[in-house]
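Note that the chains are named A, B and C in the order they appear, and that numbering of residues resets to 1 at the start of each chain.
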Amino acid sequence: MLKKLSIWVVFLAILLILPLLFDSIMGISILNQMAIAIVIALSYNMLLGQGGMLSFGHAVYFGLGGFMAVHALVMIEFETVTFSVTLIPMVGGLFGLVAAIFIGSFSTRKAGTVFAMISLGMGELIAASSLIFVDFFGGEAGVIGDRTFGPPFFGVDFAQDVEVYYLAAFWVFIATLFMYLFTQTPAGRMANAVRDNPERAEFIGYSARRVRFISFCAAGLFAGIAGGLFAMNFEFLTEENLNAATSGRVLLMAYIGGLGYFVGPIIGAVVLTLMNSLLSNYTELWMLYLGIMFVLTVMFLPRGFAGFIMLHQLAWHHGRLKTLALPYLVTGVPALLCAASLIGLIEMSHTEADIFHFLGLPLNPDQLVSWALPVLLTLGAGYATRSSLPQLRDAWHAANTEGKRAK
Amino acid sequence: MTILSLQQVTKKFGATPIIRGVDLDIQAGEKHAIIGPNGAGKSTLFHLISGRYSVTSGAIKLKGKPIHNRPPYQIARQGLARSFQVTNIFPHMNVFENVRCALLWSSGYRYSFWHLLGKATRLNDRTHAVLDQIGLSSRAHYPAAELAYAQQRALELGIAIAGGADVILLDEPVAGMSHSEAQSAVQLIRKVTEGKTLVMVEHDMNIVFDVADRISVLVYGQILATDTPLNIRNNPRVQEAYLGEETAGA
Amino acid sequence: MLDVFLFATLNGLVTGLLLFMLASGLTLIFSMMGVLNFAHASFYMLGAYFAYSISSYLGFWIGLLLAPVIVGILGALVERYGLRHVHRHGHVAELVFTFGLAFLIEELVQFFWGRDTKNYQQPDILDFPLFTLFGQEFSAYRGFMIFISVLIFIGLYYLLTRSRIGIIIQAAITHPHTVASLGHNVPLIFMGVFGVGSALAGVAGVIAGPVLTTFPGMAVVLGSIVFVIVVIGGLGSLAGAFIASLLIGLLQSYAIASDLGMQDLLALLGVSFERSHPLNDLWTLTLPQIAPILPFLLLVLVLIFRPTGLLGKREE
């Protein structure tokens, strides 16, 4: 109990300290995006990780919540209504919830392919409709609001991004806490049961559809809150925020981070936001790397980064984690070198400059000789990685089985 | 007192009749076995009673109330639980969670998203009690999928009885077990169904004659006879239709 | 009026047949492996790009021959080294894998060919009007598209119903274990079906590229529509996919060609609204406007009222 409480205190502390460590304009901007991403990824995990519902249209609830939040900002601006903008995420959340209640009422009847297809269809339908219904969605241009017109919140008017960050941090904390607590409730546990075996769940008294519906609505609520945070942070929304590409990115985040583990989507949200904002400054090919990373994750780390970390639980339990350090180093260094030189190779083939700095070496892409080094390095490092794999496998095996003796 | 009653129940798949007019009354507290050759419709009959299939015609009553063509969860809530021939558990949850989920509805939690299960002391105690009963206390935190076969069967049984249903349907509870495993499974079944109504489908005749108060013989979707084990053993029609070679060996 | 209808029908037919070329492969793959392949339209895009590159050196016809073969081999490799590996992690992982693959292929296409639209042209020999009706021309290339599609379906039909391998495939769809125990190499059949399905998508790409333009977003544009078709037609049903393809092709074509709208409907009912009405957008909807969303509307309706699709038997 105390241990769990301390985790939440640490989480809160991290949320509060981060903007002091990264206080540049870019730092705060990235933190804000991260906060939004964490909430949407966690809400997606309620669907797929906890409830077994593969959705290709989760951005719908995020986007609808966001649009409503922008309209609420506009209403505050024109004094149609008066309330503090700190509640804007809740406006988004409520609208996300309403949309989820409506769509969930028919889409949660089945899980599996049928659910996935309805989510895809509804996603496309609403994204396309958003270009038709200009009054609400603002067409191609989207809708614009201004967060500074509300009554000041203890003297804060949210003109600064960092003020928005603290608001977002508050909502991230609340949303994360409640999403975690949901997993500890009867509805949350039955969501796992229905994910695992909907048929058996019916024979112990639960309607699988009803259980799915509850998770679905909760996921819609939190996605809407994320949308409201987006509205607060960017003050505008367009069709892009609810279309299939955004839904796909949410799936990517949750999957890469690790479905089924509560922290997985948080890891995914952090990693992807960092890639999105930092990597895109260095290379226009970052989406290619993201795609490669995603496909490799699905193939080799089916439970994501979090799952990879959790794999070491047994070895750690047996006190044999350190026996893995050296084998990891022996495989990891050439693997990283291989990846780095491959990326260098890809970048060099795509550069327009006369001189390309490959791992610090100035090379001329026009000369055939310049290609020999990267190619050889990639192949060599790849070979070294490959030949060290059996050793790693043995070490892994030893760390996870011999533990019994150590105990 | 009749607790479960089937009246002229029929089931067709397309044009093929599988269950052809079954009448059966099961008394409260009775241990009833349904036997019959492969393809007689035993599992189908269970699926009809437990709500997995809808009946084509006829009626099924539990404690006097009709339950046919109701979804399984409504039937379960009225106090009828079942196990499955092929192990049907929640594989990615641990053993404790498996059993606790089976207890939720009968403990009155319904679809609550405001109760925290960690604080539900009585529920957790009851879960541990069931785990003790089925002998899986030491495996409480194992993922269900990683249990040995006999342990999964015990869990299957545990999920069925956890909710405190007073009518329990067991579909081949000892199928695929070794002789000694089957023996201890029978002990377990006796223990956990004490004072309850048990209906089971089983192929192992030793176990059937050991456990059952009454036996129904199902052949081609019809009940050939319902009687005490002794009378069933001596019934010439039953011997002719089905038992013949199997009792000879016993 | 008649001319509009006639040309809308012809164009709908072209689109429908093209869609079926994609949907048939997707359906075959689904029937075999139980996996809806999100990357299917990506193979269609690859077909167009390969054909573009080949045709710029060796001409259109060599491209038509070679590109589908390359795409088919790529598809087989994806099955062998990707999908088969992911299979053990379950259906969701498979679906997510194909989703990731679609994402990756789009990025790869941009990496190798760039982001701009490619000038992939129909061959000069087909650059003439096939016939002229009511003053409108129907291009020979569109006729050629119909011809190729029909040719492929006849081939596919014979392959599936008359050839030995086709009969094994049909058996493997329904009884994979029986077929395996009869000594057939089921994994190889899977790989082959995936390859052929991808190659079919490739053909569609080759012949659609010049008409629907060859650009990195072409897979996304068609991909979800093809999904809609196999679901509406009934997962695993080739006949259903055929009907749904034509249905969607014609529906969209008619919707675009018509100039009807809500206002006409309202006028018919004798109702009218002020321009300032809050739902003005709804009252001024026109059919061409909603043409792109019709397939998805149909999808959602079908899934709600008949989850097995038009001719599907599979309930999950």
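The criterion applied here is as follows: a contact is a pair of C-beta atoms (placed from the backbone, for glycine too) under 8 Å apart; a residue touches a chain by one contact, two chains touch by 3 or more.
All values derive from a computational prediction rather than experimental measurement.
Taking the definition of touch as given, a chain qualifies here only if it contacts chain A and chain B alike; none does. Note: the chain lying farthest from chain C is B, by mean C-alpha position.
A separation of 44 Å divides the Cα centre of chain A from that of chain B.
If you average the CA atoms of chain A and of chain C, the two centres end up 31 Å from each other.
We define each chain's centre as the mean of its Cα atoms; on that basis chain B and chain C are separated by 48 Å. Multi-chain contact residues, meaning those touching two or more other chains, do not occur anywhere in chain C. Residues of chain B in contact with two or more other chains: none.
Residues 50-52, 71-73, 76-77, 81-82, 84, 88-93, 97, 100-102, 104-106, 109-118, 159, 162-163 of chain B touch chain A in their complex.
Contact residues on chain A toward chain C in their complex (touch as defined above): 48, 52, 54, 56, 106, 109-114, 116-118, 120-122, 124-125, 128-129, 132-135, 244, 248, 251-252, 255, 285, 287-288, 290-292, 294-295, 298-299, 302, 346, 350.
For chain C in complex with chain A, the residues that touch the partner chain are 36, 82, 85-86, 89, 91-93, 95-97, 99-101, 103-104, 106-108, 110-111, 220, 224, 227-228, 231, 235, 278, 280-282, 285, 289-290, 292-293, 296-297, 299-300, 303-304, 307, 316. Of all the residues in chain A, the ones that touch chain B in their complex are 181-182, 184-190, 192-193, 195-197, 199-207, 210-211, 214, 218, 260.
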